[in-house]
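Below: a set of structures, written as structure tokens.
In the two complexes that follow, chain A is the common piece, with chain B as its partner first and chain C second.
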Partner chain A sequence: MKRLWRWLIPLAAVPVLVLLAYGFRLSPRDIPSPLVGRPAPGFALATLEGAPLELATHRGKVVVLNFWASWCYPACYEEAPVLERNWRGYRERGVVVVGVDVQDKREAALKFVGDFGLTFPVAQDLKGTVSVDYGVYGVPETFFLDRQGRIRVKHVGAVTDDVFRTTVDRLLAEAASP
Partner chain B sequence: MTADLGYGMTLIALGLAVYGGVAAGAGARTGRLALIESAQHAALGVFVLVTSCFALLTYAFLTFDFSVRYVATNTNLGTPFYYRITGVWGALEGSIILWSWMLALYTIILIVRHRVGARELYPWALATMLGILAFFLLVMTVAAPPFQRQAPVPADGRGLNPLLEDTGMITHPVALYLGFTGFTVPFAFAMAALITGRIGDTWLVLTRRWTIVAWYFLSLGLLIGGWWSYHVLGWGGYWAWDPVENAAFMPWLTGTAFLHSVMIQERRRMLRLWNISLVILTFGLTLFGTFLTRSGVIASVHAFTQGSIGILFLGFLALVLLTALGLVAWRWETFRSEGELDSVVSRESAFLLNNVLLVAAAFTVFFGTVFPLLSEAVRGVKVSVGAPFFNQVNIPLFLSLVFLMGVGPLIAWRRASLDNLKRNFLWPVALGIAAAAAAFALGVRSLLAALTCATTVFVAATIAVDFTRATRARLRVGESLLPAMGGLMLRHNRRYRGFVVHLGILIIALGVMGSHAWSVQTETTLHRGETAELAGYRFRFDGLTAVEESNHFKVVGAFTVSNGRVLGVLRPAKKFYPQEQAPIAYVDYRLGLREDLYLVLGDFARDGSQATIKLQVNRLVSWIWIGGVVLTLGALLAILPERHKSV
Partner chain C sequence: MSRVRIAVLAALALIGSVASPIAAQTATPVSEDAVHDIALQLRCVVCQNLSVADSPSEMASQMRAIIRERLAAGESPTEVQRYFVDRYGEWILLSPPRRGFNLLVWLLPLAAVVVGLATAGALVWRWTRRRRGVRPPPVTVDAAMSERIRRELESGS
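Showing the complex of A and B:
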């Protein structure tokens, strides 16, 4: 029983450790976008192959709008397979993935699309106007649009399977029960 | 291929380190020399393997081997040769490899130096070192592997963070990490002392020089970091109380406290518990610093990317702190029966106060650094703690510390007599007061500036008093002047080389004070041919030119500077890197002993007709670097072995 208190010494470190552990729950990426909840700005661009691509044609679907570039290594390289995989998995259920290639060279962008075997439509934002409309700060950034064409979620950094599925499932579910 | 080879070597090194740690521990417990020898061989193996990993990664950088993910992320075909080498440790994974390599190197030096002669403590110290090394190797295999395959192999890499393209980046991280890792050795011996119960003076004597080495490198790292910040970041300052700067500063503060408190234990058998605690705290803070920079918990300009590594580091920090403090609790009884403080007016109490102030400073820095986290946890409010808080709290602390620097070395041990005080401090105090009066007469109206002047002159005078007195004593016994002074430096190394360090701190204090009190700046937009004026200097905007470099494009402004006569042309620039969203400022400056001219280019018209420019005249900043050179020189002298025989 004597001098048991001395074992309290190591406990002094515990509050600090707990506080630091709490830090993991926070994300410095949580920067709110004023665009969330607003209608998504429309655009009409051309795909890498030159075909027209208009956002309005996808109204009624859940749209995953992904801003990327071939020079954006490594985040864009990480998320490209994720986007392709989920595009294939969800396309039958009223979901479309639209890529917007930002400030890029056409050959480099085509090589990127070829390397990853991307099959979803990719537009080229040559003048950077669409990126400005969406307040894109850096690539990659991804906007999730609901069936009414409103921006619902903005994701900064590489999209993971988890982020894609939870967000899209939620938007599909609420659209099914209006 | 490269990636697999490197990864394999890392794995083997990890296995060897774990084995070595266990073998050294078992050898220490059973006293079987064969086990300890085996652990030494394992340590050698780890060193060879980590060195090979490092060499392999460097080779991958030099040959643009983008099949290694880390290489692809941190270099591109345009990266110049020199920065392909510094790029090796430019980001998280490489920094861990460098860190592990240094730890392995220190382990080898520990083996070479202490294998014979420290029989009880050495095996446990070796086990601790290898254990810590194993952790870093674990990080290298699990959380931040530098050797990871990249498929498909990109045609070009992303490129190094442009801010790191600076000569300071070769020395700053290396020095800083040598400092950080250097504190592992004193910690290892402290652990050995706790485990064996030999908490007397042996471990202190063994680690004294190690501590100075670590302290030297840490100081050097901090100073180079300040210099980098000043001449690269372009905001005209050298210290911003950024979380990561704080992370390096905290162990420096507690390490400094330890360097001083050691002397009291040696002299008066006091403060054993305190010394052990300081070493644990210092090492804990180096880990905390690493955690901060690499976990992304606290946002900072220095921060590396985040990931599972943060959790790993936090776990290790918890393990280290709980084990070390648990050992302290376990050995609690042995810490008793210490000497006691005889008088408040004594060298012991001056040193004690110095320690309290240093630890208090470390605590306030810690508090300010984690406060944003605390605020968010408790109140859910995002706040940021800026320079005003740190300055307000720390400036009085540091000023008191500088004052104690004058008192401590000259006041008598145990109990100072009035005579001792008069003999040592009459002149310095008088000079200090005179300095304040002189500053006032010269038009200095800031109380802080006047106080700083008075304190620094006071301390400088105490050093001068002591040095002349000791030299005179030697002259009386027939030595001539120069050998007498040199002999003092060589023989009483701790005292007089310590004075050199103190002198360096004084010079730095003056530089910091001057730059805070007297620097001026302005921001203005100039058309071509127009002139701006600041503090007696005229800056004429001569135009813009565009230059294409190997990995970026830059726009350079030309500004002719004159103060009556033409001093030269300053060329600040803005660099545009394809992989960066925002351009990077390239500062141009003209350094001087009295003041620096410092120009940062802001926005400009594309046709070169006008440009916005930030002009600064920074006063006395050069003295910070001069003081830094003096300080590190003093620390370097203190590392040299003490000579007991006459010259």
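Showing the complex of A and C:
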């Protein structure tokens, strides 16, 4: 009995240690989005130049929806050339890149767009409603929508050429063979 | 043991009062209190451990505006909370809902308190019993033996 007690107390710490070991390995930034697989929330914003930008008009295309901000350094600065390069490469194949600028000043956003020579449509989410609709935590976050308008992939952090191409190629291939 | 029971009840009451959802039943004419009550239960997504009500960030203020708008549109506080949970998952709630696996979070601390109090009680009981038992037993020494001891002590020194 006495021997059992001597072991029981240190043993009681084991489940706690296991729990802590598991918990501390998780990144608090890695949160699964409940939106993956669901229809993408629609929105109607205005581009930085003032033209209307509606998600619904791009139905039938693979949409790469990128949330960014000019103050988001360095990740947004790393991915801007990637997005522009791939937008140019894929735009003839039924792919559209849409930028949503969040919590930003219009002048700063315009300067960012000018500096990187971005040619894809960029809108400002002034009230934050679109960001919340997409469950955005921070910038950059990128959503890949299929031709049926469903959110298929959510990418947190800067988009790389590899991520862009593999994801978009997969969605394009899938849409071609229904 | 009744003291243990009182402590457990007190712990229960304390946990209950902290965890009970804040009742916010006001509807369409939106009061700031109603907005605050909902914001208090939502995690500010760009902060560490701050509610949307407490955070000064722009994101949180935009989220408060969204809460206000949805309440003004006639949604109930539960529906507004649902809206955020649908988009961010249960992660957005500062206190996990008390059902399923989440119950563990609510019950484990309670269980720990009960086990801890029981262990402490048992140990105290054992220690006090041992002290009572350590009283020196009466020693019976017959006359011959005490004579012998006396003799050996004297000759030895």
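We adopt the following convention: the second predicted complex is superposed on the first by the 147 of 178 C-alpha atoms of A that agree within 3 Å, B and C clash if a C-alpha of one lies under 4 Å from a C-alpha of the other, contacts with A are read in each partner's own complex, and residues count from 1 in each chain.
Here, a contact is a pair of C-beta atoms (placed from the backbone, for glycine too) under 8 Å apart; a residue touches a chain by one contact, two chains touch by 3 or more.
Computed from a prediction, not measured in an experiment: that's the story for all the values here.
Residue contacts after overlaying the shared chain place A:L17 against chain B, while chain C stays out of touching range.
Of the two partner chains placed by the overlay, neither chain B nor chain C lies in contact with A:A173. Once chain A of one complex is fitted onto chain A of the other, the partner contacts of A:A51 are absent, as it touches neither chain B nor chain C.
When the two complexes are overlaid on their common chain A, residue A:P34 makes contact with chain C while staying clear of chain B.
Look at A:T129: by the touch rule set out above, it reaches chain C but stays clear of chain B.
In the superposition on chain A, A:G138 makes contact with both chain B and chain C.
By the touch criterion defined above, A:R3 lies against chain B but remains apart from chain C after alignment on the C-alpha atoms of chain A. By the touch criterion defined above, A:P74 reaches chain B but does not reach chain C.
Among chain B and chain C, the chain that touches a larger number of residues in chain A is B. Residues 28, 137-138 of chain A contact both chain B in one complex and chain C in the other. Looking at the complex, you find that chain B touches chain A at residues 69, 72-73, 152, 154-158, 284, 291, 295-299, 310-311, 314, 317-318, 321-322, 325-326, 328-329, 332, 370, 373-374, 376-377, 578-579, 581.
Chain C contributes residues 45-46, 48, 58-59, 62-63, 65-66, 84, 86-89, 91 to its touches with chain A in the complex. Contacts from chain A toward chain B in the complex involve residues 3, 6-10, 12-13, 16-17, 19-24, 26, 28, 71, 73-74, 77, 108, 111, 115-116, 137-138. Touching chain C in their complex are the following residues of chain A: 28, 31-35, 103, 127-129, 131-138.
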